[in-house]
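Below: a set of structures, written as structure tokens.
Presented sequentially are two complexes of subunit A, the first with subunit B as partner and the second with subunit C.
The block that comes next holds the complex of A and B.
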């Protein structure tokens, strides 16, 4: 007759992991699919399309069955240039994102965790880089250093790391005096372990969004610099595509097909990355999801959310 | 019996979650008369704070009140709009928050925080509001000099007294006290509870008192409601509940703490843990942990029915006719 609670209880379901939750989120799956598709196309482009540098046909042909996206002012294949351009642009973008996150996170966590003189020195450094106007400095550096994608990546890291470091330092300061950190210190854990095992995982969403923000910034800024002619114009990238399109008077000749594919590529990658960012926000902050469900329920009942707890009586409709 | 001051009827509160609604308060009803202290007790997560805050419509998202009525002096709180709620809260029903540490703003003086409440709700001059603030802190046993202090300059007990003074500021006919002394040690707790009792006798307000400390509650309340998994399982006068707890859950609670006087006895407590509120058990929600569960407990949810002149219980064991 008497049953114990344990026999009765349904088997406890394990909370789904971060990754599987992310994959189940609609925004994340759209964003990841788009980024994966474009990355795949970029990687496989040498086997898919013609040589983007070759002068193949009559200049400025509109899109046709032979040249899907038309030809450039030099008679090159725009479709090939768009796919090849993604290779360098995405590679530089993700490289800058990764390096910015590594430098920014290390400096930020160290400054916030150690405090005192270490914090003073690092914060001054961060502030110096923050105060420098990013794009003008990037223009100057790119103009003086030998042209090329790696130079651009270097320039973008130099001008971009401090934002992330600043955010991470502030969050580390907030976590630094929590009891679990004090407990770790009392427990005799090393500084490195406390910083990277105790404190860092609390900032996963910040770090990931920092990475995505830096990547979007890097892709945009790189295109901008190359458009101004500050990159190596002989390399095919999204930026140089636009540079050559402008040089060949794309607007005057009304050859829209030389700018739209590249512009669309930049926009869609930025859009997909931002979608992933939103999704990570939702997954790491379950409250956002619950409030979404709450809002939907109120909307269905045509009740406006206010400051007070809403009343939805089932009986009176 | 006098007209009830507050009458809660079939109140239901749900939390909307992506996994489905969680019914934190399920169809509970109780009444509080003028000058009465009504206690709500139960373990963590049983819905006692949710029920109390729903009465003030103060639950944050994703909470939704899905049914019932809350009549305060005959007026339905659930039908009020924002403006009416603003007039209703504090002047007619005030709240003593659980954590005095977080309820007081650290950058404003105690005096500023008390006069703020008075000036928001009544047309009075600054000097008059200040005089009343001095009177209020004296009521709760604090030197009026302290009005110029900041919260961090006061001890935990003093801060809790200040929070009580703020709740008293507009002399409401009723107060909700959500675990007012949980963060304090027993000596300070005793002192504050004595003070609240004195003020109650002096000013005649009613209290909806929430705690998981059953001994404190029995000493302090006139009537007590026991909540389990969002349902009221027993409502009885304090004395009767103490001497003759009827519901197996109430009996379990009673045997979970030692008596101060009398012979020492083995503490038994209650086996198992509270149910998953997303999938509450069928029938009586307590049956998986109940040592005396009957067959119908698994399928049929018991109704709260009178068991004596001043006690009701929701348990098949006590509803002989249904057996």
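The block that comes next holds the complex of A and C.
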């Protein structure tokens, strides 16, 4: 098969365009920096903090200069547990994000590309998993499997893949009848090649935001399942931190420091990831893009924003 | 009408998929979960009762399709087995007792959060760049990033323990007897405040943002410009012209989000020891009560499907186009 110069250039030109645009966005760069910082701290935690499992001091000490976040009901260092907990929680989160993207993208592209009966079956499957409440299904699955991070990852993929598949299917449907796809079909390319080489590169932003969305879901749901006691309670994770805090009657003993740091860890990572997704939306959604430019213009002209959406028409295109 | 029937068909398929999943999960798992499950009953049940129980769940030496048939016929008779935690009560009874509390708590919280979030979204989109539009969305999204049960713990700590304004646990006080008395209803309401507030706080941001974003799309339509040009009152344009149309995609969103919000509300129940499905789920997990767990999965899934159907009916009522098709 002869590849034209255009074909070779097209994906290469598009991909950096989206990513560099994204990096120039303020929300995205802050979000990315926060996630990177926390990931780095998590990776380096064995060299930064004390052993999170060791019984170091008197139980339930409030935060002090020696124990920045206080101690747990067993006299463990809460600061160490918070950093260590990020390791497993983030690792499982990113793993689930990756697998969800792979499964969701494959199912979504296949449904949108083949259409007909394949689409009917796959779409029904997607919708069924979308509507089924995640937590009870995850609980039933996790209860039958041996406790541990990998079990949780599996369970979260089963309950979380459908959202991404739905988004990708919709976008594939929109691209399905474009000229370049028809040209590829006429050119005799294989189905797999059309789906993954022709169509897929046009959905970079959706795949990235799908990955982020699935990661946020995985971190939150994983914490919830571990809080229920479905994780391996001997592993230090954000979820088991809260599980032990609740088991040690954190509220009755008024030891707020055993729950607050972990909660903020989860929320900060989640918020930073969501910020990146908002930025992706801003960069790729023409209406929001126009809105941003318009707001900048209004601000420059010191005009108060009005009630109608601006339609930008640039004279020079 | 056809739309509603088509959706009903989909819900039947979804119900069948969840029934089937529920049947196969214990059988596909490594090891011998059936024995593990029945090991819990040792000493509680005599051999005959054990055999009856195995049969009730379809765990016999019959081929799988016959087991499946037995399982389905038992299910349609409302027989989900016997609970371990609440032995010897049947699972269906245990679930039925607590279902109302979950429906009451999650139902009212979702309605309040949706209404409030939608109103906030309308106002925010109307005054774009105003203080509400610039402060509320990021603040609420940040709040939504906390796990539901974590917010619940914090609210319980702050308003329950430290300030002592609200009761700490359960759905009503020990001093009142259930019944349609003013005292009882008041007690139920005060016990609902904190768990309800948790769910509302955690989910408000999502509703507000999606309403704001669809509103912005609708506000760009020509008929809004036309309405402005006609000099209609602003309030009328905002509520009758823009919000009414922006509401439609948001109502569809309710169905999608319901399962997620319900999952959060189940965990919230646990923190407040609220006697609903979530609290039962915790007990089932702690005691490896598989029959109860699986019964809860089915009950909650069916509740979500039913709620989605109600959302669909609302949608048809709101959108005349679906009535023609």
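Quick notes on this structure:
We take it that the second predicted complex is superposed on the first by the 269 of 317 C-alpha atoms of A that agree within 3 Å, B and C clash if a C-alpha of one lies under 4 Å from a C-alpha of the other, contacts with A are read in each partner's own complex, and residues count from 1 in each chain.
The rule is short, and it goes like this: contacts are C-beta pairs under 8 Å (C-beta built on N, C-alpha and C of every residue); 3 or more make two chains touch, one makes a residue touch a chain.
Computed from a predicted structure; not experimentally measured.
When the two complexes are overlaid on their common chain A, residue A:289 makes contact with subunit B while staying clear of subunit C. More residues of subunit A lie in contact with C than with the other chain of the pair subunit B and subunit C.
Residue contacts after overlaying the shared chain place A:190 against neither subunit B nor subunit C. When the two structures are aligned on the shared chain, A:64 is found in touch with neither subunit B nor subunit C. When the two complexes are overlaid on their common chain A, residue A:182 makes contact with neither subunit B nor subunit C. Of the two partner chains placed by superposition, only subunit C is touched by A:140; subunit B is not.
Of the two partner chains, neither subunit B nor subunit C is touched by A:247.
On subunit A, the surface touched by subunit B in one complex and the surface touched by subunit C in the other have residues 291, 295, 305-309, 311 in common. Taken in their complex, subunit A has these residues touching subunit B: 1-6, 8-10, 286, 289-295, 297-298, 305-315. Here subunit B touches subunit A in the complex through residues 13, 15-18, 53-54, 57-67, 78-79, 82, 85, 271-273, 276, 279, 281, 288-289, 291, 293, going by the rule given at the top.
Within the complex, the subunit C residues that touch subunit A are 10, 13-14, 17-18, 21-22, 25-26, 29-30, 33, 126-129, 141-142, 145-150, 153-154, 156-157, 160-162, 216-217, 219-220, 224-225, 228, 234, 255-256, 258-260, 262-264, 266-267, 270-271, 281-282, 284-286, 288, 290, 293-294, 296-297, 300-301, 304-305, 308.
Subunit A makes touch with subunit C in their complex at residues 124, 127-128, 130-137, 139-141, 143-146, 216, 220-221, 223-224, 227-230, 242, 246, 250-252, 254, 256, 259-260, 262-263, 266-268, 270-271, 274, 287, 291, 295, 304-309, 311.
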